[in-house]
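Each of the next two complexes has chain A plus one other chain: chain B in the first, chain C in the second.
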Partner chain A sequence: MAETTSNADSLDVDLRATIDRSLRHPVMFFFSSGAVWLALSIVLGLIASAKKHAPDFLSCFSFLDAGKVDAAHMSTLTYGWGAQAAFGMLIWLMARLSRKECTASGIILVAGHIWNAAVAYGVLCIMGSGSLGPWFESSGVAGMEFPGGVWVVLLVSFIMISIWSLIQFQVRDAGHVYVSQWYLLAAMLWLPWIMVTAWLFVFVFDGSPLMATGIASWFKGTVFALFFLPVALASAYYLAPKVTGRPVYSYNIALFGFWSLAVIGPWVGMQKLAGAPIPQFLPAAGAAAMVMILIPALSVGVNILRTVQGHGKAIALSPSMRFTASGIVLFVGYGVLSFALNNNIGLKVSQFSYAGYGLDILGLYGVFSLCAFGAIYFIVPRITRREWLSRRFIRWHFYLSLYGLASIVICAVVGGVFQGQGTEDLTQPFLTGARRAAAYGWGITFAWGFLLLANLFFCLHLLLMWARLGRRSSHPTLLNKHHAESPHGPEGEVDNYGSATI
Partner chain B sequence: MDHTRDNPLKRFAAFWIAALLIASFAIACVILRPMTHGDVTTIYDMKAEARIELVSEARAAQEAALNTAGLEKAITEPSDNLHKQVPTPGSKPLVAPAPAETPKEDEKPAPAE
Partner chain C sequence: MSDQQSSADPRPDLDDKINVADAHASLGDTPAVNREKRVTENGMEPVSLGLILLSGFVMLVGGAVLGKGGGFFDYDELYLDGMVRAPDTGGPPPVILPAPALALLSKEGAKVYSKCAGCHGAGGAGGSGIPPLAGSDWVTGPTEQLSQIIYHGVTGPIEVGGVAYNGVMPAQGLGLGKKELAAVMTYIRNDWGNKASVVSLEQAAKALEIANARGDGAVTVEELKKNHDKDLEGAELLPETLIDPITFEPVEVQAAK
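Showing the complex of A and B:
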């Protein structure tokens, strides 16, 4: 009996090794190029933030105009870093959970290069608008600044990347469908839906330009709620039980959290157009959905945190668990802040101020990126068969990320509220709002500097791993010096691949 | 482990089902658009007719109210009168006095030693 069990374990390890090997190149490509885009995005964010309180900063370069650099910053953060990190997580998690190796890694890799080329061209168009010629013109639609054709290329690339995961799910061995798989499957279907719809209504159909702006705003909101958030939650639902060795606390709460996100998520985004001459139920519905995001946030927060409860050591030692748990706590914070800033009173001061930006960054960097970092720290040693080189780099990455993020969000929200109040006070000149927020703008600029430093550590570390310069060890890199037992399960899972060769 | 679920036919079917599902989003948009598309053009056209009518009426009223002959007479009569006037002999045009000259920097007297 023991021999049979041991044989099954050995087969299981071999299967996992095969899956990891089949996805090594595309996953590492997505993570590494995403990390480089993230560093670029933070540099652009720093410049964009500096230009808000010092408009003459780098004003000699027309491609760094405030409007251009701001759009380039958010586009690189979303489609350069966020999307590619999500693709890497999505294809690896779905393959592992469906227990099917990938047979199309070459196609995925080609699609990844096409995606990168399209994003690079889109960013060139944003920054070179008006100076590089007619082939390099931004669409000028806030939230969808890439030219119309770029969206088609991005959509086709995404289909080429994700369709293999859909097939893996379809042909999986009969049995349990994990919570993570619900979220991954939903993300794979929701993104094409919102991309197709937004592209058609903004760039193809002849409609009112005002509604096109509204639809672009809806697209920007739903890309986070219906793609980035599900992928981040799928990763959290995978890692929390995996690292702690406990099942998910409650499947009913998980089910409730999933469906509440599915019902609420598609409505977000239009709140940005409150007061615009469009049917007023649209921004009202958007604001209500943003307020109700608190429901899935609390469900997921309670479920994941109860799953890891009593395993403080795992959170303290495991880099993946530390980042993931922080991301989930910040998701609850995102829900609370979203509730505060999108109700009738909050929307007045957040709509045209730093506060809305703070919420966007909390979502994209705080919730999604921290969960993505957690997943990357878990996945990369398994696919490269090397351990992370330096626990110091990981620690610096964690603390600087958290410090920078907290500074940005606090400065943006507090400064944004003052700014919004100044703008709303009709007895004061309009400039009052900007003056009130200027000091907080300085704070945001410095905070981007901390995030840049954090991500330089991360990017360098990841590129070293990509070059297969990681440690050849059976001991996972944990965040303390001496560890008697590993929270990642049996010691040396990486090396237990045995004879599996690359 | 159940291997019957994974075969080339099943994979092929899954590929096309997924592709069709994604394409169906675009098809649904194209079908639904005429139903959801607001009659923006029609509304503009309807409003435009009323606006053109209003503008025509206003222009006609202004045209009718404008006494072109009287206006022409009011302009040409004073101009003709001015044209007919000749200067009175012995009168001198008023000339403004020339500004006082200020000494230039290099023309200033040298300070006493």
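Showing the complex of A and C:
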């Protein structure tokens, strides 16, 4: 620990503090409004899941129809929580890595509000379809349920949010580009590309509606593989060396992991239409890409886990490291599951069953959100200049998240396989497959309850930090009882200027 | 925390004894930033052989999946092999026996009724402010009235079983076909102690025709009495007539061989 206590260039500390200060409003806005969307999304997920095994649950409310609440659940999870958490991570990480303070936080904040309003309007359209009038109609395209116009607003506000990070990267002083910056740059450029492409083919060009469905499911797949995944990995590549104080294990594996994702990522998505009468190489290519996503997963997994290897203490003590490391382990799990569910044998049972949903949730909640939580636990004390209030809240958030997630994924995959076999059996009515899955459906509903509890803790904690009610202390909030040592630096000395840059 | 630290320990902490503002004076206002570590250059470990082999295996499986897709950029080959179920050609077609109209329609009607049970109750007993269906003259009375109430919903004062109600029943016509209408009407007219005629498919079709001609909006009691106080036209269906379980049409009974 000796090298970390050596006094650093105080200019460095000043620069870091200035960067954090310049971004505090937009980043805090993205994280806290994202957390509220996440809580809402989990409530909707609970209802959507309950409706799968108890169709009469809340059936007197037409805005909670199974189709609507399912779409609203996934849309709020993706665009309310996921996207906003990613924006906060993206702009903060890029500013820190480019060592440039943000000069446009006002514009980013306005764009953030526009994004929120657009998502809220889109969700209103989904839930109010058919009852709120002609201005509130969902597009009805699975995976892109917001009306066509909303996507334009989302794209414009995304560009207003991210363009400043691109500029910061362009005017940075140092020549070296760090691994996280590759991923951030890629995410920033890929998202507009896939949004424009999908929007044009689904809402503008007058193509076959079946292909539009295919494009929408490609969009849904690539938003994860080409936006959420890169942002999560950028954060992991930043936090692992930052907290352990050790360089990334291998530059070569990082390169391999990045380029394999860049090559494989754009193909995912269409495997959801296997069996639909579209050109058959499209779903086959999607399934092959989903199988091969195991390659970047293994590379990143090896690289990050080798970096933190031997720093078990850091993972045990630091909330950011614990969430991030779990997110990366789950990324490897995601790769393995994706490999198992999308090969020639697995695709048949997974395509119309719970199993595909389990994989989606493992990706969005397991990989992306856990990495995002890790980043939030790291970033928020820096921008609010207050420490997290309660290690119990963090611990509960972690364990309930992990248990809830594991239950959802296990129930969905095991139940999905039984359900898939049931639906594939031609001599049996459709009901047989549904009955086989019903018990697992109960399990999933129950598990969403765990996640709801986890995120109520998280949301409350974050909102308290947002209200600047965090602890004023130089002691980080760690997950042990007595913190004699800390992966974030030495304890007990109030004037411990750290040694780090970036 | 403070009780675990001996008084000899010189480290300042957030004890009651310590002035927090003084303790942080040297820190500026940025403790978290101060304790950060430097992110250094990357390690240069080679890509391990295991990772290369594993990736090779994954690509092999990926290739097999891709191989099933047929020609790349071939826009004429539709349907992914093995993903579409082949028609079942083994064995004779399943025999579904006709059944008596009342039993069959009631069974189907009970499924449709699950939507109504939310308000009217599983036993048709109604609820607070919601009229019962069991023993209601509106249910067992003229079929055209009943069909329009179901299809359009009803608003304004209505008297059921000697009790006055004044509420709004939402329209249930959306997605209601003649089979569902015939089934649910037959079910509520013949369950929970109700006893009335079976509604045939032809009569249900006539009801939908009338409902479509009338246009949207909930009906009122006055309108029902004025325009719809009659039974639906169409062939009657006796409770014991055998009907086809799929089409609900009466079947010719073949003489036993």
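Convention: the second predicted complex is superposed on the first by the 481 of 502 C-alpha atoms of A that agree within 3 Å, B and C clash if a C-alpha of one lies under 4 Å from a C-alpha of the other, contacts with A are read in each partner's own complex, and residues count from 1 in each chain.
FYI, a contact is a pair of C-beta atoms (placed from the backbone, for glycine too) under 8 Å apart; a residue touches a chain by one contact, two chains touch by 3 or more.
None of these values were measured; they are calculated from a predicted model.
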So, does A:Q170 touch the first partner chain B, the second partner chain C, both, or neither? first
First (chain B), second (chain C), both or neither: which does A:Y251 touch? second
Just checking: does A:F205 make contact with chain B only, chain C only, both, or neither of them? Give me first, second, both or neither. first
First (chain B), second (chain C), both or neither: which does A:M292 touch? second
Superposed model, chain A: greater residue contact from chain B or chain C: C
In the superposed arrangement, which partner chain does A:D56 touch: chain B (first), chain C (second), both, or neither? second
Which chain A residues come up in both lists, the one for chain B and the one for chain C? none
Which residues of chain B touch chain A in the complex? 1-3, 5-7, 10-11, 14-15, 17-19, 21-22, 25-26, 29-30, 33, 37-38, 40
Residue numbers on chain C that touch chain A, as the complex places them: 1, 4, 11-14, 20, 23-24, 26-48, 51, 54-55, 58-59, 61-66, 68-85, 88, 114-115, 118-119
Where on chain A does chain B make contact in their complex? 100, 159, 163, 166-167, 170-175, 189, 192-193, 196-197, 200-201, 205, 207-208, 211
Touching chain C in the complex, chain A uses residues 4, 8, 13, 16-17, 20, 56, 59-60, 176, 178-179, 238, 241-243, 245-254, 256, 260, 274-275, 277-285, 287-289, 291-292, 294-295, 298-299, 302, 306-307, 339, 342-344, 347-348, 351, 381-382, 385, 387, 424, 426-427, 472-476, 482, 486, 488-490, 492-502
